[in-house]
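Note that subunit A is present in both complexes that follow, paired respectively with subunit B and with subunit C.
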Partner chain A sequence: MIRAARRPLAMLTLALAAAAVHGEVYQEPGAFIAEVFGSTPAPKVLWLTRELQAQAAAILGHPPAQLRQRYWSDAARSVWILEETGKEELITAGFVVADGRIDHVRVLVYRESRGQEVRQSSFLKQFRSAKLSQGNRLDREIDGIVGATLSVGAMERMARLALLFDRLSHG
Partner chain B sequence: MKRSTLTLALAAAFGAMPVLGQTVEEKLQVLQQEIDDLKAQTRKPAAPSLQVSPYSLDYNSMLDRSSGLANGATNVVGYGEMSYSKFRQSGDATADLTRFVFGFNHRFDERLTLHSEVEFEHAVVSADDHGEAEIEQAWVNYKLSDGLNFKGGLFLIPIGILNETHEPPTYYGVQRNQVETRIIPTTWRELGVGTHGLFGEGFRYDVGITTSFDSGKLDDPLTGMRSAHQEGQLANARNLAVYGALNYRLPGLLVGGGVFSGDTGQNGASNPALQGVAARFTIWDIHAQYRIAGLDLQGLYTSGTLGDADKVTAALFAADPATAFAAPKSMKGWYAQAAYHVYKKGNFDVAPFVRYERIDIRQAEDPANGLFQNPNNDERIKTVGVNFWVHPQVVLKADVQRYETDKTQDAYRLGLGFMF
Partner chain C sequence: MSPRLLLLLFLRRWHARIGLAAVVFFLFLAVTGVVLNHATELGLDARYVHVPWLARWYGVAGEPPRHAFRSGKHDLIAANGRWVLDGRISADRVPQPIGLVELPDMIVVASSASLYLYGKDGVLIDRLERNALPAVPVQAIGAGARQLVLRTASGIFESSDALSWQPAPRDAIAWSAPADLSVAERERYSEMLEPGVSVQRVLLDLHSGRFAGRYGPLAVDLLAVFLGVLSLSGAWLFLKRKHRRERH
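Let's turn to the complex of A and B:
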C-alpha cells in the first residue's frame, strides 16, 4: 500500500518543487534587457520635466512616481521597464519599442493572485506593432480578459507610456 | 572648494547622460522637485503600505538587485453602486446605495497574501434598518507558482461569471442579472480550503472543500437555495461540500463551467426534523463570453437539484406552519446577452445592451398542508439598457426591465457604479 503510494507522492513532490522554482518573477529585468540587445548597454535617462509629467499623468490617470526614467537603447530599439498597479499590486513589464511601435512586450514580475493571463502570449501579441495615435492612445483596441480587467488596463497604460517615452527620448 | 566639488558633481551627472534636447535648467527643475518631494517625505511618518518599486521608479536601484515584492504592504480596494428604481405598476420609486465594499489586501511575503472585502448594503446598518454589514471575503493565498496556489478562509465559489467578477463596471445593467442572483446565489462565499492555478495557454482550474448550505435555514421561496447559504456565519458544518471549476480565457473570450455539491441537512442542527436527512444539493453551470469588433456576447446556463426536497418541505412546515413553503427541488436558469460599443472616445465608452433571462424553480409541493408551487418561480425577464463608462472604472447605467410573470417587478432604473 505504502509502496504503491510512493510513486505518486514522489511525482507530487517533484511537481511542487518545480512549481516553487517559478515563483512570480518570470524574468529579471536585467536578463530581459540582455536578451534584447545581446548584452546590457549603459542605461540612459529621460528626465520628466513638468510638461512630460503632465503627459505621463494624462496616460496613467495619476502623477508618475518617477521623475527620471531609465531606459536602454541602441540605434534601432529602446527598452523600457515600467511598473503600474493592476488591481492591488505592481506589475513589472518590459517594453521594446522600435520605430515608434511596440516591438514586443513581456510581463517580468506579476504579484497578484489572479489575472496572470496578461502574461500569456495570446494577450501580449495584441500590442505588437501598436503605436500612439491621437491623444496618446493606442491605435487599436486591446481585448480584455474576464477577471483581469484592471491588470489589462495597467498593461495598456504602460504600453502607451513606453511609446510616449520613446518618442520623447528621440528629442 | 565646496563650489568646485558641486560643479564637478553636476558636470559628472549631466555629462554622463544624454541631453535628449532637455536643457540643464529643465533638469535642475526636476532635481529641485525631487528634493522637495524628499523633504515632504521626511516630514511624514514612515508609510509601510507604500509599494516597493524595484526597477523603474527608483533611479538609484541596481538593476541586478533581487526582486522586491513589497512584503508587508497593505492595499485598499473597493467598489460600490447606487440606483434609482421606478416601478411601472405601482408607481413607487426608490433610491438606494445598494452596496459599498472595501477590502484590505496584505502581502506577508513573496508567496503569502491575504484578501478581504467588507460589504455594507443599503447604506445604514442597525436593528431597525434594512442594511447589512458582512464579510464578503477573507482568505489567505499561498502561491507556489501561477500553476499551483493554495487558499483557505472565506472565499467566493467559482461558479458562473458574476460570482467572482461582480464589480459594477464589469457587468451590464443596473442590477445584477437574476439568474446569477436567484439560482447561483451571487455573491456566494463559503469557508473552506482550495487550490487553483493556470495551466496551458489560458486554462484555470479551481477545486476545494468548503462548508455547505443548511436546508433548515431556508426562508425565501423565490430564490432557490440562496437563503440557505451560510456565508461563514456560525455555519453548521456537519456536512461539507466540494467544488470544481475549469475556465478557458483568451483576450475577448471566456468559456467555462463549475460544479458544487454537498449535503445540506446538517443533521438537523437548525431544524431537528432534518436529522438523518442528507438533502444533497448539487448545482453546476456552463458559461461563455465573447467580444469581437465592439460586440459583447454573453450566455450562461445553470441547473441544480435538492435531494430529499419533500422532507425539507415537511421540516419547514414542522418548524413553523405559518411561514412554511414548498422547498425547491430543482432549479434551472439561463440568459443570453448582447451589447454593442457604439461610441468610444478617450475614457468614454457607451454600450447599449439587451438581455433575456429564464428562471425555472420547481418546488416540492405538499398539497395536504397547502404548500404549492409559487408562480413567480417560473419567470422570463427582458432587459434593455445602456452602460456609459465615463472612466474604465466608473459607469453610469440605465435600463428598463419587463417581467413576464411578476409584473410588480417591471421597472425603469438608473445606476452609478465604481471600482478601485
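Let's turn to the complex of A and C:
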C-alpha cells in the first residue's frame, strides 16, 4: 500500500462529502412557498398512517423517510416540498397542486454531480396539468433525459407523491 | 522457418501468456464493472463499510465520542457523522448534535441548523431544516412547560409541535447539556461509530486502480493495453487460420 495515496483519497472523499451536503440551491424552499402564496402561510401537517405509508412506499420503492409531511395551502392550491434520492443524493423539489393536477414544479436543491437538466423548464413543463390515474401513476409518460435517468425517475416519483398527498389532505 | 510463421508462433505464444497472466485481473474488472453499473439498484451508494483499517487507508480519521446528551430515559452519542440514539445507529452523514430533549410525545435532537423529531419508538417523524426554524444557528435546545425551546442569536423561541414558534420567556427552561461518558461507554460507542466509506466508492476505486494509490490507475491502463493487444492478436490469429482454411 502506498502511503502517498492516503491524502488524495481523503481529499477526494471529503470533497465529495462536502459537495453532497451542500448541493446547488436554486431557490430556498421558503422563498418558493412565499412566491406561490405571496406570503408564507402557516404549515399544515399530513400524518402518514400505516395505509398511507404503504401507498407512499409503493410509489417510492422504499418506505417514506418520515411520518409527518408538512405542506402549505390556501383555498385553491397546496404546496409540497419533497425530497427523493436521484442516484446518490437527495433532490429537493417544490410541487404546486391545484384541483388534483400539478400546476407547476421547481427543482429547489440539486445535490447530484450530474443530471441538473431536470431543473430545465423544458423538462419540468411535462408535469404541468398531470394528475393521478389508476395505480397512483401519472396520466402521462414523462420523457427521460439521457444521463439523468435516475433524477428523472426521482422527479416522477415525487410528482406522484405530491398528487397522492394532496388528494389525502382533502380528506 | 519463414518470418511469417515465426510471427504467427510468437503471437500465439504471447496471446496465451498475456491472457493467462491477466485472467484474474480481467475477471475482477468485469465483475466490479457490472456491479458498479447496478450500484444504485443494489443500494451500494447508501451502504457504508465501517472497518478501521479501511477508514485509516482513506485517511478518514475516526474521532472517539466525547460526551453524551441525556434526557429522561434517552441518550444520544455522536461521532464521525453518525449518532446513536437509545442504541439505534442513525444513517450516515447526520449533523453534529448540540442537544436532546424529551417531550411528552416525541424526542427532539438539535443540530445548529436542523431538528430531528423522533417518536418514542425511535422512528423519525420529521426533519426540520433552517427554513422551518425560527432562526439559525441554533445555539441550544431545551424544554420548558411541555414546550420545545430553542435558543438562537435572534432570541429564545418555543413550540409545542415544532411547526409554529413563539418568543419564549427566559426562565424555567431546562437546557440540554453534554454529559461525560464513562470509559466503558466511550470504548463501546467508539466501536459503534467507527467512520465509514461507501461501498460504491471502494468498488469504484478498486475498479479504476485508485485504491492502490498514485500508480494504481497506471496499472489499470497497462491492463487495458494488454486487453487491446489480446483483442488484436486474437483477431489476427483467427483471421489467419480462416484464410488458410479457405486456401486449402
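Quick note on the criterion: the second predicted complex is superposed on the first by the 148 of 171 C-alpha atoms of A that agree within 3 Å, B and C clash if a C-alpha of one lies under 4 Å from a C-alpha of the other, contacts with A are read in each partner's own complex, and residues count from 1 in each chain.
The rule we apply is simple: a residue touches a chain if its C-beta (ideal position, glycine included) is under 8 Å from a C-beta of that chain, and two chains touch if they have at least 3 such contacts.
All values reported here derive from a predicted model rather than from experimental measurement.
Judged by the touch definition given at the top, the superposed model places A:Arg68 against both subunit B and subunit C. When both complexes are overlaid on chain A, the residue A:Gly135 reaches subunit B alone and has no touch with subunit C. When the two complexes are overlaid, the chain among subunit B and subunit C that reaches more residues of subunit A is B. In the superposed model, A:Val45 makes contact with both subunit B and subunit C. By the document's definition of touching, both partners, subunit B and subunit C, reach A:Gly30.
Common to the subunit B and subunit C interfaces on subunit A are residues 16, 20-21, 28-30, 43, 45, 65-68, 70, 85, 87-88, 150. By the touch criterion stated above, subunit A contacts subunit C in their complex at residues 1-2, 4-11, 13, 16-17, 20-21, 28-30, 42-43, 45, 65-68, 70, 85, 87-88, 150.
Contact residues of subunit A toward subunit B in the complex are 15-16, 19-25, 28-30, 33, 40, 43-50, 61, 65-70, 80-83, 85, 87-90, 92, 108-111, 113, 116-117, 120-123, 126, 135, 137, 141-150, 153, 168-171.
Contacts from subunit C toward subunit A in the complex involve residues 40, 45-46, 57-60, 93, 117, 119, 123-127, 129, 131-132, 161, 163-164, 197, 200-201, 205, 210-216.
Considering their complex, residues 17-18, 20-22, 26-27, 29-30, 33-34, 37, 51-59, 63-64, 67, 69-70, 73, 75, 77, 105, 107, 110-111, 113, 115, 141, 143-149, 151, 161, 164-165, 167, 169-170, 198, 201-202, 204, 249-252, 254, 289, 291, 294, 346, 391-393, 419 of subunit B touch subunit A.
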